[in-house]
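Here it is, the structure, as structure tokens.
All chains are identified by letter, namely A, B, C, D, E and F, in their written order; residue positions are counted from 1 within each chain.
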């Protein structure tokens, strides 16, 4: 159990309601007789990593709890073209109503997991872990975060409430790095981590001197500067590289020795994985 | 007024609630004094088409109705790098809380509008219009559909309820093209259009003979076959090309004379447009 | 499957919550022992057409999934006085809590279906179909629309979003019939029909000349004028008669040759069909 | 202030969402330019009693808080044909989007108030008050109850939770009138009234002997029996006549001396009052 | 069946959503393997009265409908330290996710029932019943009211809508006791009780003279005055003592002969009953 | 800005809906004329710490945005008996409808803040901070957590999602302390802290040896053992004392040198602070 079943049920229900609009599937009502059964297979049409399976299948069970569902693959599993992910059997009306919503979850989330895996593979052999950001699509954050994890990444904070991340604007308004870190330390509960963003080695120096942060974000540094930064940090803090990360640059960033690399594109610029539904009448 | 203000309010509120989690922005509460004001500018960092402005700005006004907002660009407008889209002035706490949710709407939807514009530009000089599909992201369909329109495209049906679209599986279960079209015609209200998918010229022949469809979808046809199909249709039905459309292929598809070209990637595989918030303390 | 099961579940749940108020059925809690079972029959007390059966029965299953339910009639079936529509067996507490909400759905929706059938019967032998309007009761539109269909009618548009209907005020603000139709054609997707209202033959002339509408609404015309209008239209557009339709006038309107007759009273002035619940202790 | 403003806001918002479906008014978006203003009048087209004004007007203010609204009539006021109930001025787009939802509330609720007034007038000169039942339309109970009051009636219980009403089935399961009344008295709080239904004078005798009820419902009695019943009750309990009440029979029922007459048709079989919106472009 | 199952489901679901925040139980996901089962017992760790059992157990069944649950005690039952209230068996992940929410309902509501029982026991031998007030915790009123009943108390009104309670401020604004009672009587339906608050015997005199109230609240009277008041009332109205009631004073208040004693602290100042979950791995 | 305004609006709206039930304040509608204004003061009737002010005042502004509100005290301020916290002026109907909901928030949350302050004062001079637990009341957690902070405490984790807290049962299922900590470390993101519960010095030894935890919970240890534990920890981890903490014992626990002391009773067994509303007619 990863994502709360209550969150899955709510999000999938709203997606079905969105698709059904005023409450009707006109095509199915018109052309599919009520008593007809069929069998459907969810098939991967390209190589990748599966994510969102429970969400996708919930579309079927919410429309019709009597459908029979067999699961062949699990979230995080490798997919190759032609793999049968799951099979659904029962009312043809029910299967056709839920098909598109199911696939909209599966293709988007598997796209995220697959891209994450590419980044994870690219840094293999280094110390670096791949993580996501808060640059997510409205309403889908938990699902996207889990997809990153299904692809082998780790999660950054889930929202504004589960960790403190002091950025340049916070520092500027608050009156400096030391001031901001002291305010944060005074406010944070004992289970709240504090991260602070730095753009220069000079700022990093100040952070290290303060000694109040748990994590430091090295923002938009070139790899030489970042290597120096990692040496300065010397394991006293967790280091996170951020800004301008792509599949082309990620290995050289990892080679600086940084602990974590955050990639916004994992969740804000997603290419869907091609997954389809084959129906045998 | 394009998207219902009630839908915008609901979707943005849920996005803010998602980001605020248990109800706190720990960083802002810790580091930004309550009485501090600031001024922020929403800046385009690359060339594209704007979409989602009202949604993005609603994030600010929902957190704090006292913020002053000045709008410089509207949905559908061209953006170039460095353009100031809107300015927000007021409580620094409020601006920092709403920043990320605002940008998550703007960058995603402007990404869709910008990609749509590229397709629209690519078919300039032909008769073809660019449209989207139901391959959208859960909870964001109306916003994505409007973004397609902001980019110069038209909208396919919004859901299962506002038009009949008979696909291969419906035909198979129903017992053939003629049977499916007759069932659909008997069921449809007088304000409901009927579209039917065909894969071959033989199927198209049957559709034309029936005379009950308003639109025919030419699915995954090569351009030669499609040209023949358009000639057979001869303006009696609206023709829609579907399947495997990319920026590379769209012009040759349009040259077949087809009326509408649907592009799933417009909404299922979106690259965010780079838009940021600059804060002057 | 006609109305989405998700919409039924939501609407019935809210109706039960409305009836239970602060969360208690005081009478049942006070007078019915927890372990007592009973058997109930839903009985038609007059002649008519059934509609809303799934909604009505959902009231019972939401209060108590362990109730046994046997269905004897389906939506759209003829009822005569004394017919047993369905039987419920199980906890007396559960049956008594859900009784009124069940009947409130059944009697209202069957009232609509029964009235629709009277209109449908009245125009038998003509070409005309009976349809509803957007003059529906808040929160019940999908249910009322389905009831019209259960009675043999067809559905007009479901809302402001699934078709374009240009009325006199739109024409006036837009600057004329031609202008309004051109704007509408430019805006509409390829699966959106366009209807326009006309009050005079002169306006109809303009609509026919434009050639951009799919349906024309002949609003409040006397039958002579309407006959002329139908002749002018000559099958080029679908024609809809609207305004002042009653059981007394509907046949003469149908005799003009019009395609569709819309009746607001079907959904805005409903007489409930008498259906009751008999409990055998 | 009669109905809670929070309930009005919620119910009207859901009605607008229902009408806007996927979030668009296609006709308005296509044909009404964004900057155009207009002026609208809500006009009564027949004689009756107004109800639902705040709900109806809330449709406009929810779509567009900048609309100017002037109110000429209040709930409970007499309307004659041609009366201007309220005026709205501002964006033509906003006014056209909200029009139908506004009128759907106004015409239905004013229909209830007007019918109630007819019953109230019919029993003028007697002691009897007119009341409603729980035979209401799902989701609209509070509005319908208030409309009954606007028409001069009083309210029966609002739901299963605000009073105890022991019906024949409760009596049967519980084991008799005395037993049911004792259970109810033991359960009821000191602010909960107890009503019991009787079909015969013999049952009434038992109720009077028990001395635990506050109100007795005389169900489906002919007027002679009811006169005897009222004499037996002799002011010791409140008496309510129920069953088969119509405008034709209500006066003779009132003449029996009964205190309250409940009329299910007031809320389950409503004829809308004709109210329209005139727009001056 | 006491509280509506729909209300229980909604409130428990929201409590689980509150605890799961962004949708994850990080600890369980990290440390408990998916296939591991366990057995848990809900154990009372002190003497008291059980309340909230269904709500508490619903937390488990909402997270995982496949858990096996055995119930040993029911709401209203006596608990002694060490009693096993219920047993849950199945997925260890599911049980650990739901544990805290279950206990938060059980310990709070059993705390209320237990305190109520102490008050009920304290007035044993007198005529007085113990009741609650509207001083409840937001969102939990129905649950708290039922807990009072589980402890042997009765319920005051559930909200502003199910009875009329005229307090000092209403009297002051309305212009006196007689005026307020007449307005109330004219407004109230025949199933609505009217209570009025008095602070002095002089005010009580006026209430008795009016003859329109059902219940009189004797607010903050010393016991001598209250005894006089009860004698003046002489059974013509129900009398309720209110203000400054504690376990120390309640018996002397009951000895005045008052019918009902309302205790705000029952629901506004609750000491949780110690109930825990023992897990056998 | 501490709690999200969106969360406050939602929770207060639901509390008002709960109190208004079927949508009516019968007493106010009956006895308070629509045009009457009044002035109200929120007065503390005993010494304590204020919390929940915005929530309480939101009850008034949601019922009637036209009410004038003046704020004299802020959350976290000291209150003495007789202090005027805020003043509200405007419609008497609106003020009376919202009064009870306002006070239910204020008295409960100020009760928490006041009790927290007592604990904080009791440990003055030591190193220990006071914190809360997840033993909160369903639906009120964010409000209760903020109240603890208003009283001078710090917050434990907000839910299952913002930190890892490994308890005895997790350890048992997972197969030991080292195993559980390794699993947790592998799963946790870089902004997630890990806490583990120990009951014995032997377990503490294992935790220290692993070196993977951020915080250790010393559960139900006597003060001698706890002193030894704190010495063993020697500042390498944050230490939290838990179990059986009361105002009597908290100082001796703090004297062990522990960093944080968690007190479940702060939120599960709350005594309301006496705050009332005085109305001047």
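FYI, a residue touches a chain if its C-beta (ideal position, glycine included) is under 8 Å from a C-beta of that chain, and two chains touch if they have at least 3 such contacts.
Fair warning: this is a prediction, and the values are worked out from it, not measured in the lab.
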- [ ] Go through the assembly and pull out the chains touching chain B as well as chain E.
- [x] A, C, D, F
Open item on the list: Under the over-half criterion for shared residue numbers, do copies chain A and chain C use the same patch or different patches to meet?
Closed with: different
Open item on the list: Among all chains, whose Cα centre is located farthest from the one for chain B?
Closed with: E
Task: chain A and chain E, separation of their C-alpha mean positions in angstrom - done: 44
Open item on the list: As a quick test, compute the distance in whole Å between the mean CA positions of chain C and chain D.
Closed with: 22
Task: Inter-chain centre distance, chain D versus chain E - centres from mean C-alpha coordinates, in Å - done: 32
- [ ] Could you tell me which residues belong to chain D and also touch two or more other chains?
- [x] 18, 20-25, 28-29, 97, 141, 158-159, 161-163, 165, 188, 192
Open item on the list: Building nodes from the protein chains and edges from chain pairs that touch, which of line, ring, star, complete or other describes the result?
Closed with: complete
Task: Contact footprint of chain E on chain A as seen in their complex - done: 1-7, 141-142, 145, 158-159, 161-162
Open item on the list: With touch defined as at the start, can you tell me which chain A residues reach chain D in the complex?
Closed with: 18, 21-22
Task: chain A to chain C touching residues, read off their complex - done: 13, 16-17, 20-25, 28-29, 34, 62-64, 91, 93-94, 97
- [ ] Using the touch definition up top, name the residues of chain B that touch chain A in the complex.
- [x] 11-12, 14-15, 18-33, 36, 38, 92, 96-97, 100-101, 103-105, 107-108, 111, 134-141, 158-167, 169-174, 180, 183-184, 186-188, 192, 265, 268-272, 279, 281
Task: chain E to chain D touching residues, read off their complex - done: 129, 131, 154-158, 161-163, 165, 188-193, 195, 214-215, 238, 240, 259-260
